[in-house]
Amino acid sequence: MEFSIADRAQILIEALPYIQKYNGKIVVVKYGGHAMVDEELKKSVMGDIVLLTLVGMRVVLIHGGGPEITNMLDRLGKKSEFVDGLRVTDKETAEIVQMVLAGKINKDLVNFIDNIGGHAIGLSGMDSHLIEAEKISEKLGYAGRVTSINPKPILDMLEKGYIPVVSTVGCDKHGNIYNVNADDVASQIAGTLGAESLISMTDTRGILRDKDDETSLISEIQVSEAPQYIKSGVISGGMIPKVESCIEALRRGVNRVFIIDGRVQHAILIETLTDAGVGTMFK
Amino acid sequence: MEFSIADRAQILIEALPYIQKYNGKIVVVKYGGHAMVDEELKKSVMGDIVLLTLVGMRVVLIHGGGPEITNMLDRLGKKSEFVDGLRVTDKETAEIVQMVLAGKINKDLVNFIDNIGGHAIGLSGMDSHLIEAEKISEKLGYAGRVTSINPKPILDMLEKGYIPVVSTVGCDKHGNIYNVNADDVASQIAGTLGAESLISMTDTRGILRDKDDETSLISEIQVSEAPQYIKSGVISGGMIPKVESCIEALRRGVNRVFIIDGRVQHAILIETLTDAGVGTMFK
Amino acid sequence: MEFSIADRAQILIEALPYIQKYNGKIVVVKYGGHAMVDEELKKSVMGDIVLLTLVGMRVVLIHGGGPEITNMLDRLGKKSEFVDGLRVTDKETAEIVQMVLAGKINKDLVNFIDNIGGHAIGLSGMDSHLIEAEKISEKLGYAGRVTSINPKPILDMLEKGYIPVVSTVGCDKHGNIYNVNADDVASQIAGTLGAESLISMTDTRGILRDKDDETSLISEIQVSEAPQYIKSGVISGGMIPKVESCIEALRRGVNRVFIIDGRVQHAILIETLTDAGVGTMFK
Amino acid sequence: MEFSIADRAQILIEALPYIQKYNGKIVVVKYGGHAMVDEELKKSVMGDIVLLTLVGMRVVLIHGGGPEITNMLDRLGKKSEFVDGLRVTDKETAEIVQMVLAGKINKDLVNFIDNIGGHAIGLSGMDSHLIEAEKISEKLGYAGRVTSINPKPILDMLEKGYIPVVSTVGCDKHGNIYNVNADDVASQIAGTLGAESLISMTDTRGILRDKDDETSLISEIQVSEAPQYIKSGVISGGMIPKVESCIEALRRGVNRVFIIDGRVQHAILIETLTDAGVGTMFK
Amino acid sequence: MEFSIADRAQILIEALPYIQKYNGKIVVVKYGGHAMVDEELKKSVMGDIVLLTLVGMRVVLIHGGGPEITNMLDRLGKKSEFVDGLRVTDKETAEIVQMVLAGKINKDLVNFIDNIGGHAIGLSGMDSHLIEAEKISEKLGYAGRVTSINPKPILDMLEKGYIPVVSTVGCDKHGNIYNVNADDVASQIAGTLGAESLISMTDTRGILRDKDDETSLISEIQVSEAPQYIKSGVISGGMIPKVESCIEALRRGVNRVFIIDGRVQHAILIETLTDAGVGTMFK
Amino acid sequence: MEFSIADRAQILIEALPYIQKYNGKIVVVKYGGHAMVDEELKKSVMGDIVLLTLVGMRVVLIHGGGPEITNMLDRLGKKSEFVDGLRVTDKETAEIVQMVLAGKINKDLVNFIDNIGGHAIGLSGMDSHLIEAEKISEKLGYAGRVTSINPKPILDMLEKGYIPVVSTVGCDKHGNIYNVNADDVASQIAGTLGAESLISMTDTRGILRDKDDETSLISEIQVSEAPQYIKSGVISGGMIPKVESCIEALRRGVNRVFIIDGRVQHAILIETLTDAGVGTMFK
């Protein structure tokens, strides 16, 4: 579609109050799902992030792994066992996770952002011990639980004008590496930084009243209503821990937490700079 | 017209390269003509300026007078005599010009900007002797010619995050007040500040090849071509000194100078954040 | 009179403890009365202010209007009605007040200060919404009451080395302009800034025990004694609201408040840099 | 061996002039060879670097790959072809190099440094486009040649108190990844930063007059003597490009360039804080 | 003795955790006794201080007088009377003390430090009234007791990168000069600065369980144990006030206080950068 | 004499242009002669200096010795020999000079300034090697000639808000102490600092055309006229080297150099803040 210049101007000017609201604020984006594998969506997410940075927000990008980890494990002949939905992570698997997340995905994202005019620095949990973790249980091995977040490297990068891109690999003081949950890391980082908002990308429309009906989106959920939704099955399966991370972020002082549909082009831009919403907001 | 969220996102994202180009740069806007009297246009100009400020530009607004001065002179029974198109300005007329420009128009603009979320400070040529002037000739009285610009108060305001709004009244070291040409002031301020661009608002489509045909707009003029256009009458009448001010600004190091159509809503936004143009650019 | 160089030195050296006491402190001067119309007195006040600035004080000059407003209203054929001593202010009157205060008097003062070597910036209540106001009552129209002071523009000007000159016109978030009481504005600004002292210029010797005897000056009044003086008529008429503004400033944390005789040359200098007093101090 | 406290003190005090000489200076360390695979040597190098940082030097650690890359290529069934001693690098190989260098080795080093009390941030050529490269020839594929160094991210990290650890992977503006020569990167980074010294670790004693006699070490070589040594075969094989990188660093303004024996414990410390030398210095 | 380079490296690397512990911390050294008169010891102390400064500590050197004062008093024919172990100090004696401490010893130390590569500034209690004092009793004259410490000049010198060298002469607001106890000054300065540690040099091994047996050193004393040791005579004579100063420093928030043997070369270095101890630590 | 408040105000206001002229400028005062021994004059000089500091000048006080040195040498039984008007200075004499200047006179001045409300730090040539010197000739011993001035400690003190008081003792890199000429030091310090003016106090009215007639003062001398005045004997004896120091300061870029009559109360204040002069100005 072709837009008239008047249309363009009107839309830009309508973004004004949103830009004012977020000026100088920290926005943490948890990047994942389809948006990581579809090149068009990836381009749209990175474009959104650079734009938000230019209009005065301080954006932190948090990413996990996805199919590239499984793919590499397969190629190296490592079989994965799962316990309670968590990958049993031996030392070698943890190393492969580290390599793929911090070496491949992280640096590709950083490179992408720089190539469209942003300035990014890639960080992992090991850099200045940003993410410290510990074992959840012996049988899960190095599938870890976050024990502390060091906000200094992120704040230093923001102060110097960079977009910090954080891969969710944890470490401890003994040299061990941990595979940690990206939603959990994003929630804790947003809380520790006192972020204005946390935007978590998924591959659904958000929280649906009827999971088979995409038009049944619940656009706003009060923290107090969450248990009820879980009980009634509206929030279920993999969405439960994600929602719990969102609620945890709110408890840690983040003002607004969104679960947005990462399959929609420019979902982040729409969520922050327009009055439309493309997901569910938690308050 | 209603826009889809995808449309909104697309237009915002298309502004990205323009925002990058102007980031941190100084843009001087010479405000005048219809845009000063039509409330809708005034609102659109002030909205544009606040938006540009939020996306990282440092905007300086320069304004002259217009019908409010004539109106006040009429009410006070002052008759105006003109010599060579310039108002013969006695001491009392100069005082009335000062009062209307620096007291009425300037402060109304400042108030307007603040009410839509910007932070403006109104300055006149007297504030820290921003604009010093001298008589052009004895018979013209206090219709002055700019002798020097003090950029410090403007730069101080920009550094502190304000939008400086400058009324074009000059002064000298002996306490005299001068009515000075606003285009000339804008050109000299843009040059002294090393501005990236100067945008001058008029009540025409720009420079027209055929002045009766609005579709005959010349969208770009090389400085070297200007004399020719003046000779051939394409540039004529009141447009001649305006064009000369534009050329002067380029000579003083401003990168891009635009004469834009102030009757078009959001003309400034369109000129800076889209690839459309609503006037004539001088290079 | 000719002074010997020894006399000069002695007087300068005797100013030392006063200069030390005020070093880096904020002094708010409410300028008004005869000192605004008598050219010699005006020159003496502006000289004092520049000198105090140079010896390390941070001076803020607050001014109201005086005869120039009435004069302009007369010339424009506006008749003024008064209710309870306050001018009934319709929208047009408010605009004329704004124009005269912020455009004429304010910029003349700024120009004057610059011409004797100071660096001044003129501000009004509209600049970055320094003074917000609301209606006192419908029948008084836009004769307003101050609702909030934004100290940021004043502090920014002081930090950048300017003398802020503030004209007492108020505004609100809807674009209205208010005629506000200058003593009240001075008192609230001094309080909000945490000023060391507030010096309010009048056309009397100060508070006189016997109003017909200029030698009966009361040089110091405890806040607690004020009601008594009002009851007994020592403080009466227009002096009552002025004294109330002084007491209000003390309540807001200003250390010393003076009502000084603006008809005396260099009254401000005498009050701050010598042990003589030219008025009444409130503690 | 047990040292008496007097011995300890004497040795510490003898380091004083060296600490003074390097105070605040940038020292670039090219880490490689045995010191990367032997755990004891790795510990000794990282300890040296943290110590030098604490005594006031600003250390930048540059590392290449080594056997871990070959190992991973083998495990993934990628066969390596070599042309003129350079690995022919297809797109997939370049990705594996990136993953191992930036994800595995780099983050392990960063983690190691943090665990012994330093504060490190791992960077790659992609971070804020630190290292840009281009193809050397089509047949070599993504075995690249450095075209530019962006010193900003390194200087920002140093200013914020971090030890920057740089993995030598290059990128270009089109999203390609390049396998670049680590000696070359170290030389160019040292030159661009205006480093005081460049220390390059090898697995030999330095330049030996007789390659079979470790006691025939040449402890100092003038740049002008190098061609002669190459001609006579004293400098030969893989040492030639290494020496050329050293000379290039000197040409770019680095004051002192060392090739040191990485098999010696604390070789860096010895070279910088004592009058002993463990290799060859170029001047 | 000749050290191998490996020995040198090992000792330097063993200092690492101590350097980390003290990084950026303030260490106050009370210099006195034999170390002031023996040229070798003086050289060793000044070398230690410059080294500690270079490895990131902020060292403050406090010194008293010693035999040079007595010597000068003798030469000038002033006889000293003592009451309760304190010198009766008349005005002239106080002046001589000032002259020797602030003019001779202080400036010699400053000169010494500069000549070995440090940057020192000598301060006395009079400089910006660093040490204010009052009389202890009339009969003792100007043998004073410290009443307040002004930490600003010391902190300003540290911030500017100087080693402040403080001579322990006190003053008051009336121009009097006081001979004050150096241990007491050191303790109060360390407390006021929030120093990490206070190191007090003496001419003994530290606190000895049996004063005739140098091997009976008590290496650590809890504050609570001190009264007991005084009662039992383990701490006796001139050591009592010294110990009391140490305890006072701990009470004022200093973390570690040491009494060390100033007769041992590099005692300060050993105490701070090795795990050996050359005296008694108070906790 | 009693001054009216109007007189006081007039004198203060007449100082305004002088205060403006010197604002932020460095003024070096060479203090000496009667003003050092007469308590009233000392008080007047120190008061002047504190006042000038408060009105925005950055004052550096340089002092030599005077009778206190001779007095101390006498008391210690040291006889002084003179060669060419210069005291032959053996090592012991140099030490006594150091002690009296840096320990007694310097700290007394610092104390005096602090007690009247200034903030002073005393420096000597040894502090951060402010004054380096060398022997003039073997026979004169440690009567030295200045070889270099380190302006850093003075500039650091000024930046931190202190009045630096400098005693004119020199040192070298071998630990030697030198008795240096105070006029020469003052001239070189003023030149190195780029001072606005150098004020040198003497015990005469200035340069007199007829040395027996105090009314024959020459109030201004061009540098080019000096040789003539020396030839004709107008400038003679001890005044010759003083005048040469003044001329040297002008050559090093000091704008104005004054020889003023230190026997006049507040001579410095009069010279800087009034249009009266109390000596001879060199241009």
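Labels A, B, C, D, E and F are assigned to the chains in the order they are written; within every chain, residues are numbered from 1.
To be clear about the criterion, a contact is a pair of C-beta atoms (placed from the backbone, for glycine too) under 8 Å apart; a residue touches a chain by one contact, two chains touch by 3 or more.
In this text the structure is predicted, and so the values were computed from the model without any measurement.
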Touching both chain B and chain F (chains): C
Farthest-lying chain, centroid of Cα atoms versus that of chain F: A
Inter-centroid spacing, chain F versus chain D (mean Cα positions, whole Å): 57
Chain A and chain F, separation of their C-alpha mean positions in angstrom: 69
Between chain E and chain F, centroid-to-centroid distance (C-alpha), Å: 35
Computed distance of Cα centres, chain F from chain C, in Å: 45
Interface hub residues of chain B, defined as touching at least two other chains: none
Chain contact graph, described as a line, ring, star, complete graph or other shape: ring
Chains listed in ring sequence, where chain B comes first and chain C follows it: B, C, F, E, D, A
Chain C residues touching chain F - in the complex, by the definition given at the top: 1, 3, 5-17, 19-20, 23, 44, 47-48, 50-51, 54-56, 116-117, 265-266, 269-270, 273-274, 276, 278
Parts of chain F lying in touch with chain E, wherever the complex brings them together: 75-76, 95, 98-104, 106-108, 110-112, 114-115, 119-124, 126-129, 153, 156, 160, 162, 169, 171, 173-175, 177
